[in-house]
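In the two complexes below, subunit A is the common chain; its partner is subunit B in one and subunit C in the other.
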Partner chain A sequence: MLNYVIKRLLVSVFVVLGVTVVIFSLVHLSPGDPVRMMAGIDASDEDVEALRDKLGMNDPLIVQYFRYLNDLVHLDLGQSIISNKNIADEIFTRFRNTAELAVMGMLVSAVFGILIGTIAAVNRNRWLDKTLMSLSITGISVPSFLLALLLILFFVSKLSLLPASGRSGSPFTAEGFRYIILPALTLGISGMASVARLTRSSVVSVLNEEFVMTLKAKGLQRKLILFKHVLRNASLPILTMIGIDFGYLLGGAVVTETIFAWPGIGKYAMDAINNNDFPAVQGSVLILSMMFMLINLVVDLLYGVLDPRVSLE
Partner chain B sequence: MHSKALKKIFKNPTAVVCIVILAVLILSCVFSDVLAPYGFDEQQLHNARQGPSAEHIFGTDEYGRDIFSRILYGGKTSIVIGFAAVVLSVVVGGTLGMLAGYYKKAEAIIMRLVDIQVAIPGILFAIVIVATLGDSLFNVVVSVAIFSIPTMIRVVRSEVLSMKQSEFVLAARTYGLPSWRILLIHILPNIVHTMIVLATMRFASSVLTSATLSFLGLGVKPPMADWGSMISNGRTFIRSDWWVIVFPGLALLLLTLAVNLLGDALRDALDPKVQ
Partner chain C sequence: MRRKRSVSLLSLLLILAMCLTACSSNGGSGTADGEDGGYDDTITIDLDSEISNFDPAYLSGTSTSRVACFMMDHLCYMDHDGNIIPRIAESWAANEDATVWTFHLREDVKWHDGTPLVAADVKYNFDRIIDPEVAALRASDMACIESVEAPDDYTVVFNLNTPVAAFITKCLLINPGLLAQPAALEEYGDSYSDHVVGTGPYKLVEWVPGEKVVMEANPDFYLGEPATKYVEFRLIPDSMTALIELEQGNLDFLFNIPSSELAVFDSNEDIRLERARDFGVSWMFLNVAMEPCNDINVRKAIAHAIDYETIYETILVDYGVPADSYLPDHNWAYTPDTVQYTYDPDLARELLAEAGWTDTDGDGLVDKNGETMKLEIGCTSREADNRMLEAAQNYLRQVGIDVSMSLLESAAFNDRLAAQDFQAYVLTISQDSPEPALLIDFAYTSYAGYNKFGYNNPEVDELVLQANSSADQEVRKELYIQIQKLIKEDYVSLPFYSKYSQVGVSSKVEGFTHSAAIFNLEQVKVKK
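And then the complex of A and B:
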């Protein structure tokens, strides 16, 4: 097990380095000129050149990359071109909001997904199964931005039940909770649909195994068989799916946070992109990727705990 | 594709309905120049923001442009981008996947690159590519394709890995056939059905990704019609003019839903385990 953990951690370090290279090169390949923007519209060519020197942008790329890495190690993500604020601080204050939304979205997709998938599997090939699975494939096909607008159209414009956008304090208060419902649903529904489909197929395959037959023959209660034996054996692929899904969730957070004006890292990233604020783009994309990698690391390690065969490989 | 599988698909009512829907959608978008009653940028300001009527069956937008016509023109853009992205991802992902599956050394490099790419959350990577490198049509296609390439590589690689163990490949190797011949003539035809199913599924997500990009204001530029940007423009009037969002949204949903259902049917028809 320890070997497995060490190996997995080494891979993560390598991947983090790779991601920094990708993000750094994308930003430096960009045809836009961030320095000219920083200097302002009426800056002379000499001013721009002086600023470029001061920022070290005339150094060879490899030197700049290592300087960037060095800053990263010291948790320094640089300064925003637009607001001149420290990017690490800006992201840190938004981290909580994105984490709240992502966890709520994941809860929606995991809890409802597993529930729907299990109900469909138990009733397999009956009309309930078919209805639930048709709904799931619709959930996968609907673009999140359309879903968000339809939810707003229905719950905000027609029913006036929920607020259209923004965040109002912690979601653990009644008022704050009303604000997180629509963005969390938007974020969770496509994941919910894929988790439901996968849960159905893995529960069905476990239900067909001989040990389930034996348990039934022994006269064990159906509920007990389902929860204690079947779901546990079907959990590995579902867990992986939820981990993969978290990445889509964080990516989707960019869209969802923008539509619902949710003050998180995703909206920060989108604003930075719209303002050509390259250091802020670089920082927010890196942080979102690191969050994703961390979740995947946890899922992989859990996998090793749940299935001893994994860590032996 | 085997004729048996084809027969199976045509016996599946869902698949047939999907094929018909897709054919109608794709053909009417491709021939939008002929079929659309109005031009994609034909403004009738006195008719702005009108609900569905006999003249404008899906209503008009804030510039008095006919939404039905714009859906047809916009569909062409989405379908072309989606198709180009899928072709690109099949070619690049398929080639890299086959190399990774067959050659141990190539596998080490390719799979590590895949690890790095999938670490950057989905759509965010596409957004960053388009935002930093510019939103030419080519960049949009590349950024959408990049979204699908890792999945393609992983699936093709695992298929090739299992094929490599099969007896006919071993026989071909003992015969002394060169590796490229084994890969192209013996392995490729056996994994092509998996690639077709995956490509079908990825077409749906490619159309979604490109629509999301243009919804966010990256990608297809106005006044060109595009489903994503049409929905985005309608946001301002969502409380009063529901049709501005609902009709392009339904078109998008219909397309992706039909493709996904067809993908499911294809998988069932081509999977030997189900037969």
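And then the complex of A and C:
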């Protein structure tokens, strides 16, 4: 297993290098001049040129790329063109906020998704199953901006129970927790619906396998069969889905973060893209792709833990 | 085992419910300590976009500028009507041809760290902005400054290389004219934004990127300590969410109002909409350096093809008031006495025919030498501009012009504008000052920053120079009237409307007067 991890990490270095080339080319080839954005339409060409020179943006692209790579090797993601702030610091703070939201969202989708899916599978083809599955189709179909507004309308405008936006310190405090509930629900509900559907089909197919019949014949309790044997066997595709979902959530849900004014990395990357703040775009995309790779690795490792038949070599 | 599981699930739900109910009573903004006399100690205001940078040399964007003006001052100030009034400078005078400006400073102005502000500090700030090494964002706006002198501690003299009658509004009241403490600029360098030291009514407490900016009243403010102890700007990018926060009482002021939700202000007694006239105008510029608008008859045809009145009544009525010149009608230099672009589609067709554009193939679109007339109009994502342009597109189609709208995000729009690459484009300019130079000089002179439509009328340039050289407002008014007439006769831009400056205000707010010119909260209190 250690060999496998080392091999994967080594391959990741090349993937990261590839990511830097792709993202560097993309941001520099896309239209929009960050200095022009900062200076405004009416700024004179001389002002814009002077600032471009100062920021080293008039150097050949290849020179800029190697300068970027050199900084990267020294763990320096550079400074934002717009705010002069250190990008690594900015990303760290935003990433922490996004991670809080992603973990909460994932908890909602995993816990409730698996629960609903299992209940539906056990009651397959009965009214409960049909109701739950229709609800989950609705959950998948409702776009997050609408869901977010509906939640705000209900919990904030009607009931005045929760705050509509912002982040108020750590979600492990009572006040902080109140602020994370609505964005986490928004993120969690659509994930929950897909997890529920996948869990249902997975559990149903495992329930039809012969070993389940054997277990029943042995006289094992129904709940024990379900939780100890069936769910464990059905868990691989569910885990893959949750892992991929979690990766996406860590990438920051721009819409959810925007509506709830959650200071996460998705909104940060989006602002950086809109302002053509090259270093900030490069920095955030790089960190996000690294996170994605890491999560994939962890999910692959978990396969081996959950199902000893899976060989990681 | 089963019982254990259901007990733990139940307790989880209970904890959740307790958290919800325990905290739900804690609504409203503001902190508990320091409240007095039934007033909240914090004014909360929305921010719709991230702060860029508080260094006056690189400060850009409306939101950033609004926040920065609480912490840093300009030499002078504008009152609610846009008149220039003393602030740090208590008096000033220009020489006869407006090339030497002398400012006398108050002697009781202190930086936030308690050190007194002296003329050398002002000189340092302006020297820094015009220093090419610094590459300040708006350095070229101050290109007229030849040198700055500080003959004594409380006198600053600006020597200009050209006469500028509107020197204060054009050069001092813009972002790079904000005064930052030289020692702080040197000490903190790139991280000055986290350690702003100005002379304004509020001091920076913290800027949490992506979340908020918190400021505390400056007890030594030279015009007296502000009435409310804290001001908090909260970043809420989504306008619907921000409106709900205002309704819930978590915001006291809301700038980013969703235009589709204005009716809420009529139905909710807890909030009100304050509306003031902005000094800017929304125009459609026709690029005279490109086909087909290089032909004045085509420009005239476009001008007469659009029914401005109907567009205003059906679309723009919530956004502003109609405009028919390059200055809004409440500007002191405005004249109604210009060529009027009346809606006359038949005249438009005749003018097109005169220019050689007729519908020869019966497809409803005019053509010339076998080519159909196509007009690409650039626009950013401003809702009012988009809707206005859609309507105009329809009217232009009726006289046979095939219009395509290019709705671009601002970076791409600015790029193409800088390259003067649009046949036509719509631009809405916000302007807080009634100084005509800020609209006319900045958009219609051959060298203007906003002139991305190839307009070059030497007569306009000459008149602008004359207007700049005179300090007499009556003389300047006459000159700007002539300029407006000239530009309008050239048919280079179509004025649509002059927008409102709007702010949503909680009814708990007292002592606030809204105007486009300034956003001043020094006397504002918020009832609990």
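Following the convention adopted for this analysis, the second predicted complex is superposed on the first by the 266 of 313 C-alpha atoms of A that agree within 3 Å, B and C clash if a C-alpha of one lies under 4 Å from a C-alpha of the other, contacts with A are read in each partner's own complex, and residues count from 1 in each chain.
Note that a residue touches a chain if its C-beta (ideal position, glycine included) is under 8 Å from a C-beta of that chain, and two chains touch if they have at least 3 such contacts.
None of these values were measured; they are calculated from a predicted model.
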| item | value |
| --- | --- |
| Partner chain(s) touched by A:31 [first = subunit B, second = subunit C, both, neither] | both |
| Partner chain in contact with A:124 - subunit B first, subunit C second, else both or neither | neither |
| Touched partner set for A:149, first subunit B, second subunit C, both or neither | both |
| Which of subunit B and subunit C A:162 touches, first, second, both or neither | second |
| Touching partner for A:43 - first (subunit B), second (subunit C), both, neither | second |
| Subunit B versus subunit C as contact partner of A:8, first or second or both or neither | neither |
| First, second, both or neither for A:229, with subunit B first and subunit C second | neither |
| Which of subunit B and subunit C A:258 touches, first, second, both or neither | both |
| Shared subunit A surface residues [contacts with subunit B and with subunit C] | 31-32, 149, 152, 157, 258, 274 |
| Touch list for subunit B against partner subunit A, complex | 112-113, 115-125, 127-129, 131-134, 204, 208, 211-212, 215-218, 228, 231-232, 234-235, 238-239, 242, 245-246, 249, 252-253, 256-257, 259-261, 264 |
| Residues of subunit A that touch subunit B when the two form their complex | 11, 14-16, 18-19, 21-23, 26-27, 29-32, 137-138, 140-146, 149-150, 152-153, 157, 247-252, 254-255, 258, 269-270, 273-274, 278, 281, 285, 288-289, 292-293, 296 |
| Subunit C residues within the subunit A interface of the complex | 2, 19-20, 22-24, 26-27, 49-53, 55, 58, 60, 132, 135-140, 190-191, 193, 208-212, 234-238, 240-242, 244-245, 247-248, 250, 409-412, 414-418, 427, 442, 448-450, 452 |
| Subunit C-touching residues of subunit A, taken from the complex the two chains share | 31-34, 36-48, 50-51, 53-54, 79, 82-85, 90, 93-94, 97, 149, 152, 156-157, 160-167, 174-175, 177-178, 181, 223, 258-261, 263-264, 267-268, 271, 274-276 |
